[in-house]
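Right after this note come the structures.
Across the two complexes that follow, chain A remains constant while its partner is chain B and subsequently chain C.
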Partner chain A sequence: MSSYWIQAISFVAIFIALAGSLYLQSSIGGITNFGIVGFFGVAMYLYTIFVVTLAMPPLLALLAVVGIVFVVALVLGRVILNLGPQSILVATLAFATIIRHLATVLEGVTGAAKGIGTVKMPWDFEKTSDEKILFMVVLIVLAAIVLLYAAKIKKTPYGRLMLSIKDNEVLSESLGKATLNHKVIYFAFTCAIIGLFGALTAPIYTYIFPHFILADVTFVVWIALILGGRMSVWGAVVGIVATKFLFDFGIESALSAFQVRMGPAFGAMWPNIKLAVFGAMLIAIFMFRPNGIVSRKREGGQQ
Partner chain B sequence: MDFWSYLASTLLLGIQEAAPLVLAAIGFTLIFRLNGFINVAFAESITIGAFVGVTLNLLGWNIYVSMIPSAISGGLLSVISYLAFYRPALRRGVGKAEMIILSVGVSYLFRHLIKIVWGNETMFYSSPGTQPIKVFGVGVTNLNLVAIGLVIVTAVAITLFMYRTRYGEKMRALADNEVLAKSSGVNPLATSTLIWAIAGVAAGVAGAFIGIRLMVSADIGWNIILFIIMITIVGGIGSVRGAIVAAFSVGIIQMGIALPANTYYASIALLVLFVVALKFRKEKV
Partner chain C sequence: MSSGKVIHLKNVVKKYGGRTVCDIKDNVLGECGIEGLIGPNGAGKTTLINLISNKISLTEGQISFFKDDEEIDISKSSLGKLARIGLVRSNQIIQDFDSLTIMDSLLLSLAPSKQERFYKLFGDKKARKMAEEEIAWYLDFFHFNDPYGHADSAGEKKLLDVIRCMMLKPKYVLMDEPTAGLPEDQTQKAIELMKKKTQEEGMKILIVEHDLELIWGVCEKIHFMSEGKIMIKGTPEEIKCNEIVHKKYIGE
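This part shows the complex of A and B:
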């Protein structure tokens, strides 16, 4: 397998896990998190700083990062989760913007536009490609765990609790549930999952720059979830394959021969075309298939 | 830098910084009041205004004349997005938080179409008539002073329109109670379209001002939309006066921090302040 496709599959696994986490937050928990890239980015940077600058062992660094993201999300959640959905959306977007600004402004720690690296794979084999293949397998396994958890949560007492809070918070509260506390912990836990995958993205990039944590990351995850249908976590998988995989790797590699003929101008324009199409896709889904392209009628809210 | 010159710079530069924000926030708050959702794609009305303006300016148009097409393009984009996307979605009963997500999609579509048309490069207005002037020891340009003047005129005009004319009354009636407004003879489509047009015009002019003061790039709208949302929510949704006060405060706070530190720290401080302000608002948004 070429290193191009190893990287492609690794990224798809990461984004599927992110979409699964967003499903947990928005579809089960009713939390409109528009700051996914904030939690993702803070973890990616912290992991890089821990293993590169502080020379910490990878596993310890990973645990520390996930723990820190959990605490950060706990604090943020405590502040914003009892606000209305629009406020939560804007506040999480603000959080992600703050993280990106910090990555740019704390030049001594993050390297700013010069970047920070090199992040090595957590293991050392004779062949670098073997290291990457094992890493890809680990990512696939972890993403599968997130998906299975997300698929089963509706059937667990905890999942039912979160759904009941989402559907009618006042009612759940009157039944004696500490709704805000549950929501905050649930939010922190799911953000920690996002953080885990953010940290694990660092060794794939090897060198980290602030432009890796633009709002585009959040947008791609959201569009995947909406494209696939928010009622089922499998829709998120379909959505990621249709966006990240098809566009970032499928079409790009199919066009690579084409691109040589079109010249660098096309290469510079391609991300714009891609994101314009993503925007149009999102609009089209809202207009024509509000329950996503794989929706089943009985789960549909409207029509 | 001694304290008095710091204060003078902060106030003067802060007001300049705030001028386009004031305009944009007034437009934004009108839509938010009318339809009750945060229209992120409002950012693109700002951006297109800047691009249309700078393009005509580089073709030899006078800077002030080029603001008219800037305004029209912003207004057009706003009306198109309302009629083509938001109105059908609102009529189908799409929820508020989902409307924002839809508007993010519209924003991405428009922003990247703008990049496809104009390219990824930054553009600059050519402003040959610019002269530096010293005001209280702070260097400003005559263009910036005119910009502030124009913002004040526009802000006053929109305020008068909203609170002193029949259309303003109709719009406020429509926002408060659509059924009642309709039965009182308000045409919701015409009134809403007009509001979206006015909001877009304000955004287009704001974009031109940002472009003239700094530069024109496809991200100028997206980069300030969070501040516009913040100004609107803190100033009170639908309150033109609140938006003006909040926008000037934001501009002055930003400069107060940016002068001794840098703009990133200023943005970070403002965003943190914003999250805290959300917490202490009585209205649940």
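This part shows the complex of A and C:
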């Protein structure tokens, strides 16, 4: 397998896990997190600092990062989760903006625009490609665990509780449920999942720059979930394949496979063409399948 | 007639700006199994229910809840805490969980909090088994078109609201128009359920209703409210014959 495809599949697995986490937060818990990249970025930088600057063992660094992200989300969640959905959206977006700003200005810690690295793979094989293949497999397995958890949770007492909070928090509280506490812990747990995959992105990038944690990471995940269908976790998978995979890797690979040669002028225009096609696809989905590609008959009583 | 009180209202006042919508100097609730709260529109009945359940906050005063001879000040307790100590309310306006089927909704009511943990992925079979008998009893008692589907009619949602409350096995239930919108046969079933719960399980219920036939038929004691005050309380016979009640509510 070529290095290009190993990287492509690794990124797709990471983004599927992010979309799965967003599905857990938004579709099961009713939490509008627009700061996904904040938790993702904190974890990516912390992991890099731990293994590069502090020379910590990768597994210990990973556990520490996930724990820190959990605590950060716990504190943030306690402050913002009793606010309305719009306020939560703005607060999480603000959190992500602060993280990116810190990554840009704390030059002594993050390297700022010069970046920080080099993050190696957590294992050392003779062939670099073997290291990357194993890492890709680990990412696929972890992403699959997230998806299975998301698929299974709906049919558990906890899933029913979180769905009840999403639908009608006051009614759920009137049944004796400690709704705010549950929301805060659930938010922290799902943000820790995002953090796990943020940390695991560092060895793929090897060198970390602030422009890796722009808001478009959040937007891609949200768009993928809406496009794929918010009411099923498989919508997250379909959405990522139809966005991240298709537009970042698929189209270019197909053109290359069919030996379609593009001139330099066309090559310069290509990113904008991709965006236009992406936009057109979104409009088509909203027009003809407003509940997403993977939609079911009932969504809050509506088709 | 049961003895003892469950709720004590002491100088309970609610004001919006300069307007007083509820002003109760001293009143106790829960001395009887089923009590009624009646009064004309705008009398402050729903406001009082909202104050007891802390959906809105008091301007002045204190509300106490009695549990096992212990007096608990519930003036600032959250809805969740109230439910956990045994005080629940059903809703006047239809409330439901759109994502949950009827069965899921009943399972939610019965779920013990230790089962509701994000890491417990495999407890559902056990939770269902534990709840099976009780849910089957309710589904046998009331009729739902499809218990494994969603509650589609307003009547089914209203019934579900009542059942969810009962399943919590509270000490005291506040019911704001519990039978509004229910068909006659289901209304009778709901009344039968309330009587059964008060007689067999010692539950106490306060019903807010405009259906006076229902009130005269099921309540042992009635509180008549007007202009934010409890004006009179007594047995259905006493209330029926009271001049003030006739003048302000029933009509001559």
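Note that in this section the second predicted complex is superposed on the first by the 263 of 303 C-alpha atoms of A that agree within 3 Å, B and C clash if a C-alpha of one lies under 4 Å from a C-alpha of the other, contacts with A are read in each partner's own complex, and residues count from 1 in each chain.
Criterion: a residue touches a chain if its C-beta (ideal position, glycine included) is under 8 Å from a C-beta of that chain, and two chains touch if they have at least 3 such contacts.
As the structure is a prediction and not an experimental result, all values here were calculated from the model.
Within the superposed three-chain model, A:Ser87 lies in touch with chain B and out of touch with chain C [touch as defined at top]. In the superposition on chain A, A:Phe40 makes contact with neither chain B nor chain C.
When the two complexes are overlaid on their common chain A, residue A:Asn168 makes contact with chain C while staying clear of chain B. Contacts of A:Ile283 after superposition: chain B is touched, whereas chain C is not reached. Look at A:Leu102: by the touch rule set out above, it reaches chain B but stays clear of chain C. In the superposition on chain A, A:Tyr158 makes contact with chain C only, while chain B stays out of contact range.
For chain A, the partner with contacts to more residues, out of chain B and chain C, is B. When the two structures are aligned on the shared chain, A:Phe189 is found in touch with chain C, with no touch to chain B. Common to the chain B and chain C interfaces on chain A is no residue. Listing the residues of chain B that touch chain A in their complex gives 37-38, 85, 88-89, 92-98, 100-102, 104-113, 115-116, 120, 222, 226, 229-230, 233, 262, 264-265, 267-268, 271-272, 274-276, 278-279, 284-285. Across the complex, chain A meets chain B through its residues 32, 34, 79-80, 83-87, 89-91, 93-95, 97-98, 101-102, 104-105, 215, 219, 222-223, 226, 268-269, 272-273, 275-276, 278-283, 286-287, 290, 302. Of all residues in chain C, those touching chain A in their complex are 53, 55, 78-80, 83-84, 88-89, 91, 95-100, 104-105, 107-109, 111, 113, 115-118, 120-124, 127, 150, 164, 168. Of all residues in chain A, those touching chain C in their complex are 149, 152-153, 155-158, 160-161, 163-164, 166-168, 170-179, 182, 185-186, 189, 298, 300-301.
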